[in-house]
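Listed after this line are the structures, all set down as structure tokens.
Next, two complexes with chain A in common: one pairs it with chain B, the other with chain C.
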Partner chain A sequence: MIDPGAYRATIGLEIHVALNTRSKMFCGCSTDFGAPPNTNVCPVCLGLPGSLPVTNSGAVNLGIIAARALGSQVRTRSHFERKNYHYPDLPKGYQISQYSAPLAVGGELVLDDVEGEGGRIGIIRVHLEEDAGKSTHSADKGSTLLDFNRCGVPLAEIVTEPHIQSPGQARRFLEELRALLRVVGVSEVRMEEGELRCDVNFNLVRCDEGEGPVRTEISEVKNLNSFRSVQRASEYELKRHVEAVSRGDVLEHETRHWDEERGVTYSARSKEMAHDYRYFPDPDLPPLVIDPGYADHLAGGMPEPPRAKRIRFADEFGLSRYDAAVLVADPPLADFFEETVSHGASARAAARWITGEVAAHLNASGAAISDVPASPAHLAELLELLEAEQISEKVAKRVWRDVFESGTMPRVIVERECLAKIDDPEELRDIVSAVIAENPDAAAEYSSGKDRAIGYLVGKVMEDTRGRADPRLVNDILRDMLRSGS
Partner chain B sequence: MRISSDQVERIAQLARLHLEDDERERIRGDLQGILEHVGRLDEIDVDEIDPMHNPAESDANVLRDDIVVESGVSDGFLESVPRRDDRYVTTPRFVDPGSDGHG
Partner chain C sequence: MDILEAIRSGELAAGEAAASAAESISRRDPCGAFLSTSDPDDPPPGGSLGGVPYAAKDNMSTANLPTTCASRMLEDYTPVYDATCIELMESSGAILVGKTNMDEFAMGSSNETSYFGPTRNPWNHGVVPGGSSGGSAAAVAAGMVPLALGTDTGGSIRQPASFCGITGMKPTYGAISRRGVISFASSMDQVGPMALTAGDCALALDVLVARDPGDSTSVEHPEGGGFFRRVRGSSADLSGIRIGMPKEYYGVGIDEPVTEIALRAARVFEDLGATIEEISLPHTEYALPAYYVISSAEASSNLARYDGISYGMREIGDDIDDLYRNTRSRGFGEEVKRRIMLGSFALSAGYYDAFYLRAARVRRVIAEEIDRAFRRYDYLLTPTCPTVAFPLGERVEDPMAMYMADVCTIPANLAGIPALSMPGGFSGGLPVGVQLMGPRFSDGGLLSLADVFQRTTDHHLRRPSDGVEGVEP
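Up next, the complex of A and B:
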């Protein structure tokens, strides 16, 4: 009897990311999403006879940056090859890709150790290629509709080692990869526009002592377009492989598709025409020769990768891992945080406010931080007032609402609206005694032993002072006055 | 190297060509002749020579700037295709999208 528990999942990903260029990989057609069908086309991307491709230097640069961001080694020499297959959305009858001499090899992406899903995921290669067109079925299902706007859009394909050990980790990898590629400007990674698609290569491996590893055959689940479907398809394959092993069934190496609605993968049943792409160097395209100094130059201008930034935020500013992760996940907010700190604010207070109030106002208004009048200088001043206990937390929130809408400096708002904290005990005593006089029932309840009546009275004082009183001080004064019966 | 009838059939399938039996035999003969002709290259000792992947080997990095140039062929292209539905080009329905490549 074979114990499925002795096996572990082994997942490798092949990720296709649309590069952030204005024009296509080998022609001047626009890469704009959402143009009317078959608008952004030309003889090159339609594969018309006599047309010749010319490589987009912008795409090469972004490919180099993607590679360097992943710690891959950019090869001094690479070339393009033709991957031959016939499909209606591929007018040339081949896709220009890289095969025997890819742009870059090696590298890794390190995942933070969260919920046991950390680790180093090796990268096998990063190469450049062009996208195919888009095919959809007509309403009557009688024909296939083709739009070649995407045909020839530059892609980077990133292939990982089979180092991923769980469906959740596969998802974590993609999230980290997306954050990295966005920060370094390689791709916007707009999932809804199909800018990231992923193939999952899944199998189980068992390592017994003294014997070589035993594996199930690999399932290649193709063309997943969301992180959720990558995770779900991997979970489905895990279950399917474990069940097969439990039953003693032998799986076949096959291509599978994911059915999002039913939540299952199914066989592509194209074994008789197993992949035979007959790659050969594209004679239309001269090789790429990339000087290491040039790759260094591009890498030198690269913004800080998310993981390095999270580590720095934790080390330099003493932030919790959670706060560091939340800030770094939103680069404009991370910049806002750093600037607020550079204006003299305490890092922890700045992090707490930005992940709390600032983010809440942005979410509610749907605005980007760059589009609102509130700046790091505003927040730093507000935090300074809080730190110096010149205003209460409650007032600070109210002031921020005003700052957020008007861009007025917090100190100006506090002075204009007389919001400074009341910390003079004499002044507070007068207010408290008035509140006691107005609420004799609550005062009597407290005196008869109902301690929670005090909360009601504190609330009344806060209300009367528009949040300007210090609740702790009010609490002390209230108890003092009620006890002494004055 | 001898090319078999099965190999010809497989190549025909990859090229989406339907061959009659007599055509397959004729093409097998043609391919055989081509392979024998090209096979003469095997007689040359190339151990000391780096592989050449491209005839334009000396013109590395022929690149263009990332600038959009409108081709202006869009409408003419759509007028010239055999079948279309509004701005889409249409073909007989394909049953199993993505099974034959795409990555």
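Up next, the complex of A and C:
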């Protein structure tokens, strides 16, 4: 009897990510998304006869940064090769890619241990290539429309070792990769613009000496364009492979596609798998020669990777792992946090406020932190007022709303609107006696022993002072005055 | 009269010469040298080639003029941009009068693979003009234009220059931009001038040789711009010049009169003071197979873009694969298809190492062997082709015999070095060329050597009797 429990999932990913350049990989056309079809094109990216590619050094730089961010070794000499196949949206009949001598080899991405999905995921290689165009099949007219705006957009392909052990971990890997690539400026990774696409290589490997095959044949699920699809497709493959093993079926090594609506993968036509891409060095392009010093120079200016930053936020600022993760996941907010702290604010208070109030206002307004007038200096001042107990938490939230909209400094708002805490006992005594006078019934109830009535009176005082009174002080004064019957 | 004299004499003023050349070509082209002619505008003022009419091989992109590569595939294709070499010629004041016939996609050595029919040799309409730049060679030989541009991947400028009795040069690889020149084999394709004399070729190089940021394989030439001055200033005293004669180019398969003419040329140089020595380049025999593997491999990929989708011929079918099959089966001629098949095979899984990779290694060995020879010799002198021009139809059914026509010219393409063919004599009434090769960037020296030869010989002055009226009197 074969025990499916003796097998574990083995997943490797091939990720294509669009590099954050203004122009294409081998020509000067814009990479802007959303332009009218076939407007960002020229003889080079249309593959017109006689056109020749010229490598975009900006794309190479971003490839080097991506590689170094993943700890990959950038080769001093690599070259472009042609991957030959026919497809209508591939106008040259080949894609310029890298094969036998990729830009970089090795490396790893470390996932924090959350819900048992941590681990080190090895990187096999990072290479550069150009994107193809877009085919849109119009079923009713029986025609295919071609848009070459994407054609020639620079991509980095990142290939992992088959170290990923669960569909959830595959998703975690992609999230961590996206955070890393964004932080180091390699890609915006806008999923809705197709800036990240992923192939999943899935199989099962037996962990013990028991019965059944040592491993199942690999399924290659192609061209997934969301993290959710990657996870779901992997879950589907896991189920399919486990069932096959339980039944004693033998799976074939095959290419599969993902049907998002039905939630299933299905086998590609066998013809699609029979490709022999006939790679050979592109004779139109000289080899890429990258001086190690140059790669060091680029890597030297690289921002701190997310994982290192999470660790630092926890160690240096004493943040919880959760707060550190939330902040680091949003680099502008993380910067905002660090600056707020550098203005003298308490790190924990700043983290609590940024992940709470600040994030809430940003979400509600849909604005980016860089677009609103509120700055770290504003927040630091607000937290200072709060810490010195010059304003209440409630008032602080009100003040922040004003700061967020107007950019006025908190101290100015507090003074202008007389929002400072009233902690002068004499002033409070006057207010309290007025409240007692206006609410004789409540006062009488307290005097007759109903302790609850005090809460009502405190509430009235807070109401009259618009939250500025110190409730503890008000409580003490109330009891005092009611007891003394004044 | 050479081009410079014609410019100075005012004969080319105001584009009259170009206009009359274009007019006479469209009226009478007995050799079938041209595939299209233009209606020349008035030339821009000035420029080093102001008013000079020239022809360009039909694989050079010209906006507003069809660029067919002599293929049915591109029969109706007109580019949206000019090749860099066309732009440079235009900015020099030269006037494009037409596009010349060629072997389809520059694959061939006789101009017989042209979809539009062969070009004939002006010296004898029963023989081929050579190829693949046969139309350009015939146009110059017949006096229709004083200058034509060709491309040379394995001898496609030098071999037709030899067959048609003109001077043709393949410069150092990378010296002239390939941008806009329709690729055959990218690592060897090179644009070059074809004219009556080495001096005229030098004038063209002064215009064409420039580093082009639009071609990643183009290079900065240390002598760029100074070729004509160097040629004109060169001394006829060749003392101290060492010329090697690789014996492998004089052996089996080379016709006796051809060998004899090369030896006579060597004696001319010797009389002018040069040292002539026989040398050996033992790997030469591997050049031809290495060339056909590499050039076909690159071609199989370069020609993949002709798929019937965005431009060019389209033959529809039941589905996309059917469309590809129909378009490519009918759009390409037999020789092109043969090379695409050969090249695809050489790159395919399981054969790549044994064919493409091995050929690439052989290429390196041959290039190193030639480089070593240039440590002891300034130039190499060989026949350009094993034979004189052969009769039309003779080798059409025999690809191997056709490929042998390039046996002497291919090594220069593999090594990326400059080489030229100049008229060296006649055999049976047909011209015979002599080839000179030099190390990388010796283009100016090569042209000077050829110019010195042409100062003391008159083979280049003989013209075919049926030459039509052109600039040449």
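Going forward, the second predicted complex is superposed on the first by the 421 of 486 C-alpha atoms of A that agree within 3 Å, B and C clash if a C-alpha of one lies under 4 Å from a C-alpha of the other, contacts with A are read in each partner's own complex, and residues count from 1 in each chain.
To be clear about the criterion, a residue touches a chain if its C-beta (ideal position, glycine included) is under 8 Å from a C-beta of that chain, and two chains touch if they have at least 3 such contacts.
As the structure is a computational prediction, the values presented were derived from the model and not from experiment.
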Which of chain B and chain C A:84 touches, first, second, both or neither: both
Superposition-derived comparison: chain B or chain C, residues of chain A touched: B
Which of chain B and chain C A:320 touches, first, second, both or neither: neither
Which of chain B and chain C A:137 touches, first, second, both or neither: first
A:92 touches, of chain B and chain C: first, second, both or neither? second
Which superposed partner A:47 touches (first chain B, second chain C, both, neither): second
Partner chain(s) touched by A:278 [first = chain B, second = chain C, both, neither]: both
Touching partner for A:76 - first (chain B), second (chain C), both, neither: neither
Touching both chain B and chain C, residues of chain A: 43, 46, 54-55, 84, 86, 88, 146, 276, 278, 283, 285-286
Complex contact set, residues of chain A against chain C: 43, 46-55, 82, 84, 86, 88, 91-94, 146, 276, 278-280, 283-286
Residues of chain C that touch chain A when the two form their complex: 59-61, 67, 69, 74, 77, 79-81, 83, 178-183, 185-187, 213-217, 297-298, 300-301, 303-307, 309-311, 320, 324, 344, 347-349, 352, 356
Of all residues in chain A, those that touch chain B in their complex: 14, 16, 21-23, 27-30, 36-43, 46, 54-60, 77, 79, 83-88, 90, 95, 101, 132, 135, 137-138, 141-148, 157, 197, 199, 222-223, 255, 257, 268-270, 273, 275-278, 281-283, 285-289
Chain A contact footprint on chain B (complex, rising order): 10, 13-16, 53-57, 59-71, 73-74, 77-78, 83, 85-94, 96-103
